[in-house]
Amino acid sequence: MQGMSLIVKNITRLVAGFIILFGAYIVLYGHVTPGGGFTGGVILASGLVLVVLAFGKGFTRNVLTHETAKVADSMGAMLFLLVAVLGFAGGVFFTNVLSPGTVGHFVSAGTIPIANVGIGVKVSAGLFGAFLALAAFRRSTASAQERADALQSDI
Amino acid sequence: MDPILWILLALLGFMLIASLIAIETQDLLSTVICAGAVGFGTSLVFLLIGAPDLAITQVVFEILVLVVLVREVITRRDETYATSRTTLPVGVVLLALGVMAAVVFTVLAGNGTDGDLRLRPFGQPRMTRQVDAAFLAPAGRPEAAPPGTEPGSVGGAYLKHGLTSDEASRGSGAANYVMGVLLDYRAYDTLGEATVIFVAIIGAYAVLRKVGRSRHAGNEPDR
Amino acid sequence: MPLLVVIPLAGGFLMPLVDRLTGRRRSAAAFPILLTAAVLVLSVWLLLAADEPLTYWVGGWDFPIGISMVADGLSRLMVVVVATVSLMALVFSIDYMARFTSPGLYYTLFLLMVAGMNGVVLSGDLFNMYVFIEVACIASYALVAFGTESDELEASFKYLVLGTVASTFLLVGIALVYNVTGHLNWAKVGEVIQSAGEPTLPLYVAAAFFLMGFGLKAAMVPFHAWLPDAHPSAPAPISAMLSGVLIKAAGVYTLARLVFSVFDGDPALGWILVTLGVLSMVVGVLMAVGQWDFKRLLAYHSISQMGYVMLAFGAAAVMQARDLSPTVVGLAVFGGLFHLANHAVFKSLLFLCSGSVEYATGTRQLKELGGIGGRMPVTGACLRVAALSISGVPPLNGFWSKLIIVLALVLGGFYVLAAVTVFVSFMTLLSFAKVQRYVLGGEPSEHVAAAREVPAAMCLASVLLAVLCFASSLMAVETMRTVRGRVLTPASEAVTAGAAAGRQGRLITVERERPATPRQPEDVDATAPGGRDSHRERRKHLAAGLGRRVRTSDTETRRAPANGTVGPETHRAGLAAVHGEEAP
Amino acid sequence: MTLAMVPFMLTFLLLVAGLYAIVAKRNLIKVIVGILVLNCGANVMLVLTGYRDPPAGEAPVAPILTGGAAQADELARTAVDPLPQALILTSIVIGLSVTALVVSLGVRLYEKYGTFDTNRMRNLKG
């Protein structure tokens, strides 16, 4: 996958950062404004997908690989589960141990923002990883000639 | 008449038409795009009736699904579809679905006479009615409820007690009630949900492995 | 209690990391096995720790706004069954999965499936149950396609599509129930319905959606199209899991909950269950007789055997509505549950054996097999035990549970249904005679000639399950009365008690008898005084009622040699256990 | 029968359309689209049950506090039900997961058969 035309690349260069920033905002402010971990996670993932679509898979090969995504996926899930297990400290599974704080402020609602971050990381990494897997699969099942080319470039 | 109801009906009609086009058209790309229209229609419905969280989620979800589906469809030539005929008798399917729809419609149309346990029409959910507080007491323990009246559904209870900080019902403190429900009162659901997406993605990895089976005597892959 | 879900869940989340750390060696299998063993220990502890239903409020939120986890007798039974079969299937997988790539992904999905099933059976909330059904089912969709051959992909696709339709039906049902009753809690919905008298028409429509959804998940006959494709296509341990526990946790258990806990054993729903059950039994076994693919044959038998369970449950609901003696109703439910547990054991054993045979010979066509008994003695013996058990040959567990079901039907006056049950049992025997003839007996074919016994771990799993076949048949024998009273009777009581009490105007549903005080570490054990007292009262009342019935029915049930040990004794033992007295 | 029941009926028709696509169409993409439509239908059905008519002449009130805690009581009287929304958020994500899995299965099947047409596959007739 070589990426798309120059126009697409340039626009992506402009927009991708904003999309990812917006995704992060949606994740972090989920408890105050509409949004939350899942929504923000999907936005983050679509920002990353845009980058990959525009610049080709080679662009992210070193940083955002399939394996990194998998690990981040597990980590995000574990963070959320940790929040849940942390509830045992408050007595019961899933107790919201931190204080609710002032309604409407960023630091409020106890563990909800932390859980949101966990979910955001998880969802974005997971979806992005699945997309990479689809793309990689497609590449591997392209014509035999392309496969041979890919093999060569891998070596 | 309520304008929101009319807009809603128009949107639902639009979604219905789009879905029918998506199902009946011969061109796969049009199918996918019309399915996208249904999804965006859903998002508009959410926005219309006071669910911005859902609207945002539905939009990004739809974008991602559309990107993936369009990619799959335009890169995979499938000329055989136009020549293929359906094998299942369409008439039988339509008849079965029609019977199902007729039954449900009869029930939906005949509401209003069934007392407390009737189907609530659009716009007047159960929680708008104040009921005896015992309604919200645990099953088998009516005495556990405080005196007074409460909204007639659990959702009403979330709204009423979501922020209060007295002993009986500590609120979650989230200004976004939906997030409060999702990640505090019903966080266990959300754990399940996170698991579902984890499972699906691991499953997709598993399905998309290049080689499924290692070689083994007597275990030739078919084809 | 939440640990039962958390442990496999955390295992599933960590498995990819463990897989990386161990360098994708087979030793990675130790991790899921350890975790599942821990789950098994925990679930047995839960089974033995207390007799009363436990309720756990997740997050410390009390009734209206929290989600509850409920462990009554039925849930505990299911948890133990799930853990046992999963552990055996995992032990079996160590060697079997060497034929597939990426064992890490396999174990991840496996653990998450176990977590999902535990979540389903422990959930006290409609939507929560839906979410965990999805966890378990999505994991199973992927596992069915794990071999990524075209057959498997197709089967998985079909399974996924039908499963998604089922889930959508469930969601619509949930929407209707929430619209009508304003609650999502099983017990509370049941109470709301009962306080209004009979269920109204919209609720019946909701019930119809639930029935279609759960029926699809349980592969009852009009909805069974996916099962004969999906179950044989999966790797053998997964087939064992799917047939052994998944269709039970996601389909049968939930149907029982729906009919008994929510709809209070409504006779109309009872008749629907009976119809579904009979259809499944007859169609399943008839389709099975004509099969030549070993695993496909077993899959059709799964449909048929689940029909037994459905029939027993449905008949129990109908009998209850006819005000038959609680003993007979209890007997029917008990038979159904006993058969459910037994089926989990012998069907997973059968699938594991078929996996062993396939592993050794590379084929699962009956006509290409033969003489397994000579070449693979351990597998052959296990297969023989399981086949005898499923066809209901006397000393084994399948016989006892079928006998109890037939007996309950006869006592309840359903002579035709009893005759059908016996007929289906004979057909099962016939079909497994074919298995015996082609797989075990005869001259070794060319495929079999080169076969060797499978590795030790696979044998171990099979043998343990075969031993369980005998052990659970002992449950029907007098000497094991205490075990039986502790394990099965509370489960069947849990099913009938809530409904029976409700019918007499004293509503005590199974779930909410023990109010938990939020935010206390020991709140599983903490009880409000009122809760426990009323609970005791109810048990005493039930005991008195049952005691009378037992004496009157003793004479008639003594006639058959087996049943006297089951019906009345069971109840006595169970009640004794409830009251904390030692059963003799 | 009131007009307020019509949204439920239309939503149910949406469900029926999705079911029809799944049962009668013989193309993987159509079946996937059927699943998407079915999901949308179920979600809309659930969110409709939580809707509450706003005070006359105003827009529906989303269950989000924008004006600080003082607003809470008023919100409790006017806002729409947050519970179905939370449930739908969950079910949208479940739908997304199912879609991810079904698309990968479809891609894999395409690779095996070179077509999306189920008539050309062996076992998917029923």
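Letters A, B, C and D name the chains as they come in the text, with residue numbers starting at 1 for each one.
In this text, a residue touches a chain if its C-beta (ideal position, glycine included) is under 8 Å from a C-beta of that chain, and two chains touch if they have at least 3 such contacts.
Remember, predicted model here, so these are calculated numbers, not experimental data.
K.L.:
I need the chain pair with the most C-beta contacts, please.
P.N.:
Here the largest contact count links B-D.
K.L.:
Please report how many Å separate the Cα centroid of subunit A from that of subunit C, as a whole number.
P.N.:
38
K.L.:
Using Cα averages as centroids, what's the distance between subunit B and subunit D in whole Å?
P.N.:
3
K.L.:
Report the inter-chain centroid distance for subunit A and subunit B in whole angstrom, where each centroid is the mean of the CA atoms.
P.N.:
Spacing between the chain centres: roughly 23 Å.
K.L.:
What whole-number Å value describes the gap between the mean CA coordinates of subunit B and subunit C?
P.N.:
29
K.L.:
Would you pick out the residues of subunit B that each touch at least 2 other chains?
P.N.:
52-53, 57, 61, 64, 68, 72, 104, 110-111, 119-120, 125, 127, 153-156, 158, 163, 175-176, 178, 180, 182, 184, 186-193, 195-201, 203-205, 207-208, 223
K.L.:
Quick one: which residues in subunit D touch 2 or more of the other chains?
P.N.:
18-19, 43, 49, 62, 64-65, 69, 83-84, 87, 89-90, 92-94, 96-98, 100-101, 103-108, 112
K.L.:
Where in subunit C do residues touch two or more other chains at once?
P.N.:
As it turns out, subunit C has residues touching two or more other chains at 9, 13, 16, 58-59, 127, 131, 134, 138, 141-142, 145, 148, 150-151, 153, 156, 178-179, 184.
K.L.:
Touch graph across the chains, line, ring, star, complete or other?
P.N.:
The chain contacts form a complete graph, every chain touching every other.
K.L.:
Using the touch definition up top, name the residues of subunit C that touch subunit D in the complex.
P.N.:
Its residues touching subunit D are 127, 131, 134, 138, 141-142, 145, 148, 150-151, 153-158, 160-161, 164-165, 167-168, 171-172, 174-175, 178-179, 184, 225, 229.
K.L.:
Please give the residue numbers of subunit A that touch subunit D in the complex, ascending.
P.N.:
33-34, 36, 38, 42, 103-104, 123, 127, 130, 133-134, 137-138, 141
K.L.:
Touching subunit B in the complex: which residues of subunit A?
P.N.:
Touching subunit B from subunit A are residues 26, 30-39, 42-43, 45-46, 49, 53, 70, 73, 77, 80-81, 84, 93-94, 96, 99-104, 108-112, 115-116, 119, 122-123, 126-127, 129-131, 133-134, 136-138, 140.
K.L.:
Going by the contact rule at the top, pick out the subunit B residues touching subunit C in the complex.
P.N.:
103-104, 107, 110-111, 114-120, 125-127, 135-141, 143-144, 152-158, 161, 169, 184-189, 191-193, 195-196, 198-200, 202-207, 209, 211-214, 216-219, 221-223
K.L.:
Residues of subunit C touching subunit B in their complex?
P.N.:
9, 12-13, 16, 58-59, 61-67, 98-102, 105-106, 108-109, 112, 115-116, 119, 125, 127-128, 131-132, 134-135, 138-139, 141-143, 145-153, 156, 176, 178-185, 187-188, 190-193, 196, 199-203, 205, 208, 361-363, 447, 507-509, 511-513, 515, 530-531, 534
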